[in-house]
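Presented below are the structures under discussion, each in the form of structure tokens.
Presented sequentially are two complexes of subunit A, the first with subunit B as partner and the second with subunit C.
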Partner chain A sequence: MTAVMEKAPAVRVVAKRRRRRDWRAIGAFTVLTGPVVLGLGLFKYVAIAWSFLLSFNDARGTITIGHWIGFDNYAFLLGDDAFRTSLTTIALFTVFIVPITFVASLGLAVLVNSIRRGKAFFRTVFLIPAAVSYVVAALVWKMALFNGLPSGVANVLGGLFGADPVPWLSETSPPVYWVAVVTLRLWLQVGLYMILFLAGLKAISPSLYEAGELDGTTKWQAFRYITLPQLRNTSVAVLLLILIAAFQAFDEFYNLFGTGLSGTATAPVKPPLVYLYDSALGDQNYGVGSAGAFLLTVLIVVITLLQGRFVGFGKKD
Partner chain B sequence: MSPETFRLNRRSFLVGSVLFAGGAALAGCTSDPLNKNAGAASGAKVTLQQWYHAYGESGTQQAVQRYAQEFTKANPDIAINVSWIAGDYETKLNSAMLTAQAPDLFELGDFRYQNVKNGLLAPLDDVVDPVKADFSPAALDTVTVDGKIYGVKMIDDVMMLYYRKSALQAAGVQPPQTFAELLDATRKLNTGKQKGLYVGTDGVGEAATLLLWSSGGDFFDSSGKKVAFASPEAIAAIGGLKQLHDTGGLLQGYPTDWSDPGAFANGATAMQWGGLWSLPDIKKALGDDFGVIAWPKFGDTGKQVARVGGWYQLANAKSAHLDAVKQFINWLWIKNADLQKDWCVKYGFHIPARKPVAAQTTEFSSGPAKDAVTISQQNGKSYSGLWNKASATLFLQAATKIANGQADPAAELGDAAKKAQAEVDKQLA
Partner chain C sequence: MAVLTVPRKAPKYVLASVLAVIFLLPFYIMVRNALMTRQQVSSPDWSWLPDPLSWVNFGDLFADASVPMAHSLWNSFLVAIVTAPVGTLFGSMAGYALARINVPGRRAVFTYVLVTLMIPQSVTFVPTFVVVGSLGGVNTEWGIIAPNLFSAFTVILFRNFYLRFPAEIEEAGRLDGLGYLGIYRRLVLPNSGSMIASLGALMFIESWNAFLWPLVIGQDPSSWTAQIALSTFLTAQSVNLPALFAGALVTIAPLVAMFLVAQRFIVSGIAASGLKE
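And then the complex of A and B:
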């Protein structure tokens, strides 16, 4: 009894101190996260919500809301073959670019990981392009590598095999402009994903390979039954990143095919983001631009969820 | 150092940085990122924001700043802050016009009816009216909406066909007057190393528009509101793009576009569609070995055409200092003939928009420059203000497919015209 009596004030003191400390923590939390939350809220979420409202308005040359037209902007986009073509284009582009980027970066990572000397050197060499801006790279591709002159690098290489000079970026039969688009994206992206795979490879315990060797696995078997399963989480994350990046393709298409004077009007191919840029910022049709952005977002979310379902993002091992 | 003092130091460091960041943020709110009060220091009551697109010729930026300073010297109450906008000028301008950072006055190449409809532009009749006769009818018509004039033409830029005299002579062809002759010349002038014709890096450029115009057609019919680029004559003319591509003599994929003299001056092509602004560079590279003509006529009923572009000075309807804006526009683009001449011929090469000033400019008295002025007056044609980016995109997409032989001209243009009409109707609604 006396013991309890004696203890009570001490408990009260502890409780009091804890409460005071909590207030300070909350204060610090507010001060430290406040600016970010406020900034995000103001410049992201308010903007997104506003854009959502705009998508139900006829907003030409204005960003004020008031001219409600229901789902007309969505109906216009879904009925426009240029927008539908841009969606099929990006779907095809994704189907091609995702596996190629995945295999290339995984292959490079395994190769770089397996060499004994110069690992750091090769890692750096392959990563450097990731630091180059899309705009700069697109200009190099357009002006130096894939220009239509006989002296362009691609045409000189083709000339060695007896091919005639080709206007790479405007030739549509066959559509050789894809060569420029795909090589550009691979050059810029493969290094980055290679680094992610390298990190994954480093995390695999060598004892697994030793155990495999004792059981007499071949190199292929080691890759197939040890490396690949161990890299599953990395692979899923990388796949997801490549997929989203492919759907958001804009820079290289805009810069490779844009002419400055007619914009991208004469481009042989237009992904959705370029189409929306032209609608919203080129022609100032902010209603259609917003509607298109939400359609594209829904599409990306659906495909990502589907992919997660099939490949198993977030599943426990 | 004891742990206690270390912790205090860390805390004071954190508090200090939070205060610093907060202070910086506050300072950011009150500071003047666009330098709106640049004139305040010089004692001016009003500072006008003026936008230019970034002209390529050296000295242009310094020139417009000098004009602004000279104006302030004469009118100490008004200062001008010039912004030089690089990149996609019209897109940046359009976005800025929706915000409080909109310039008070700005230039624009292609006049858009939509800007008037959206109430963005102030009428400038009181500035233009006294000297109305100085401007070409086209320069006034383009910017006239419901009887009010919304812009002052600053400079005329005529676009025309440059040809290399020696190359034509060697191939035994005359400067082409008809489309058939143009096809023939493009074929014959192609030596492999030097191609026959360059209309743009995409192989289309303005050629589709020129074919349409040179067949006697236009984007709109005589009412000016009905889209007319899918008439049978227009379809036949724009189909000519495919014929041009089939000659094998069309240069494509050159690193610089048609607006740059590069392809022609470097000998990559014997003929190039280009602007008057390229003339000084071409003269420097080729001497007298070049001439200029209008785009050849298509068919028997056609006519030779050249596009007259240029830049308009416009005023923001929402400007708080509209009187000062008009005073400055009047001073610079109406009263001050010397500065107009300086602007036109000292850096790049443009025709002064006011006829009396053009007549005083000796640079246009001989050679290809003189021919250019003649072409501009006899064959010049400009876009309608209703022709906006959405319609132009539809038209050019169709033209590109036709040029590449991917589509049937009649079906493709018919479809594009229907969509363009919907765009136009919405603008007019």
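And then the complex of A and C:
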């Protein structure tokens, strides 16, 4: 009752404000959104427009527009074996990393969620690698875990099972470097996605499981027919986040397979961003660098939309 | 649930413990190698613990003239300590306006912000380099900081937060004669503490660990962040391995401490950022 009576004058105040074409509101809105609008304008809109124009220019060692060459930069990229190889590399990487990270983070979340005592401890342990940068992780992976020496941790562990030492980062047939690349990212990221799944698990009503118990479902059935469908939205978000992050992989490839002379030669593994970095910053060819950025952006947007489509279809089944 | 007996629970704890050991292994390696002598770390025989403890590696790390580690750590600190609060404040301001101040054109501004989310962040390093470079931001700290102060993602998360913000607080401010900006500054901002802490912590972690952009824009050693210095160290001609691992430890220490102290905020920040629409 009192609530209703209090509402009436407030509504009148709002109505009066409306009529005045509230300049004070417009001023406040401008001040509050100003920094972000200007910042995004400069660093996103202007930058992308400029770069888009550059991609149709011969822009070697310059960022000024004027030497129009049509689609030559795009043609060069698509005809360049190194660029096409980088696309294959990232596709392979995605094929490995997406399902593995998804299953591992879901598994960890279910495991941690089912633990009563020590739950916080295990959650912290699985999350803490997220505090580590890719550079530091690459350092540990390259110089200790997978350094290829007999004293490298992976080879010491392999030795326990009688395996010969493996030069993890330089061996290309078979390409065992994938083990290093995938485990590195898995270690760094799996805790983040575990947190998302834990939040999703927490939101599932316990009454669903109670109903399931009355129907005599097994644990596996409960997971398959209650947990998984209830985690649908979380799963879609997690898949998308893993996929987009995978396509932008740079740090670990740059540091694991860098051209530095750190004693051991490494396999020449370059994803698209490393290729772009080399052509834009190494060769100072901003035209090709820009064209590559656009090709990659289009690729990511298309894949994102396709995945949305694919998942959308699944929903209707 | 109470039916579960101890033996049935045990495998779960065994599995979790084994996984915990695996997850902690790289940390152990870092500490072990950072405290070994150069001979010990490259010895073909495996040893579990450094003997004797070689603390001198930390001194060597900062004494190495080719890698300005101390200055790089300072740069990292500067970048993160500016980016996190300023970026969070900008995000909160815009998020609040988009959620609660109804003016013509609000929808358009929201779309303008939202569209930039579609473009993958790191792919735009070439365009951003073109702009920041032409403004004279190469090899400067502000060049590293500026593009990361404006996060569409943070704006959207704050907008979602303020859409659920209790209207009573604003009404009270209005009755006290506060204008829009006064309400935001005196009532809304002080009541956004948890959200600011969560997203601020994430931004701090992100800028401390950032690699691609600082690498692109900070080519001179004077503008290196700790990540760039470590990466250079890693690919240097003759590597002092124990000092390298000492550098890794020093670089991750602030964030590991933060994860242990402010985990509540970090976890809720991660959870919020995964649930974007």
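Note that in this section the second predicted complex is superposed on the first by the 283 of 317 C-alpha atoms of A that agree within 3 Å, B and C clash if a C-alpha of one lies under 4 Å from a C-alpha of the other, contacts with A are read in each partner's own complex, and residues count from 1 in each chain.
Methods note: contacts are C-beta pairs under 8 Å (C-beta built on N, C-alpha and C of every residue); 3 or more make two chains touch, one makes a residue touch a chain.
All of these numbers come straight from a predicted model, not from anything done at the bench.
Colleague: So, A:I63: does it touch subunit B (first), subunit C (second), both, or neither?
Modeller: Both partners, subunit B and subunit C.
Colleague: Could you say whether A:V302 touches subunit B, subunit C, both of them, or neither, answering first, second, both or neither?
Modeller: In the superposition, A:V302 contacts neither subunit B nor subunit C.
Colleague: Please work out whether A:Q284 is in contact with subunit B alone, subunit C alone, both, or neither, and reply first, second, both or neither.
Modeller: A:Q284: touches subunit B, not subunit C.
Colleague: In the overlay, answer first, second, both or neither for which of subunit B and subunit C A:D251 touches.
Modeller: In the superposition, A:D251 touches subunit C alone.
Colleague: Considering only the touch criterion stated at the top, classify A:S170 as touching first (subunit B), second (subunit C), both, or neither.
Modeller: Touch status of A:S170: first partner only.
Colleague: Look at A:A82 in the shared chain and tell me whether it touches subunit B only, subunit C only, both, or neither; answer first, second, both or neither.
Modeller: first
Colleague: Looking at A:V103 after the superposition, I want to know if it touches subunit B, subunit C, both of them or none. Which is it: first, second, both, neither?
Modeller: Neither partner.
Colleague: Contacts for A:P268 in the overlay, against subunit B (first) and subunit C (second): which applies, first, second, both or neither?
Modeller: A:P268 contacts subunit B only, not subunit C.
Colleague: Looking at subunit A, does subunit C or subunit B touch more of its residues?
Modeller: C
Colleague: Of the two partner chains, subunit B (first) and subunit C (second), which one does A:P150 touch, if any: first, second, both, or neither?
Modeller: Touch partners of A:P150: subunit B and subunit C.
Colleague: Identify the overlap between the subunit B-contacting and the subunit C-contacting residues of subunit A.
Modeller: Residues common to the subunit A contacts of subunit C and of subunit B are 31-32, 35, 63, 142-144, 149-150, 259-263, 281, listed in rising order.
Colleague: Flag every residue of subunit A that touches subunit C in the complex, lowest number first.
Modeller: Within the complex, subunit A touches subunit C at residues 10, 13, 22, 24-29, 31-33, 35-37, 39-40, 42-48, 50-51, 54, 63, 108, 111-112, 114-115, 118, 122-145, 149-151, 153, 156, 187, 192-193, 195-196, 199, 234, 237-238, 241, 244, 247-248, 250-251, 254-255, 258-263, 273, 276-277, 280-281, 286, 289-290, 292-293, 296-297, 300-301.
Colleague: Of all residues in subunit C, which touch subunit A in the complex?
Modeller: Residue positions touching the partner: 12-13, 15-16, 19-20, 23-27, 29-30, 33, 42-46, 90-91, 93-94, 96-98, 101-104, 106, 109, 112-113, 116, 118-134, 146-147, 149-150, 152, 155, 171, 174, 179-181, 184, 205, 208-209, 211-212, 215-216, 227, 230-231, 234-237, 239, 241, 244-245, 248, 251-252, 255-256, 258-260, 263, 266-267, 270-271, 274-276.
Colleague: If we count contacts the way the header does, which residues on subunit A are in touch with subunit B in the complex?
Modeller: These residues of subunit A touch subunit B: 31-32, 35, 58, 60-63, 80, 82, 142-144, 146-150, 152, 167-173, 257, 259-263, 265-268, 278-279, 281-285.
Colleague: Which positions of subunit B touch subunit A when the two form their complex?
Modeller: 18, 21, 25, 88, 91, 94-95, 98, 114-115, 117-118, 120, 192-193, 200-205, 251-255, 257-259, 268, 388-390, 392-393, 395-397, 399-400, 404-406, 419, 426-427
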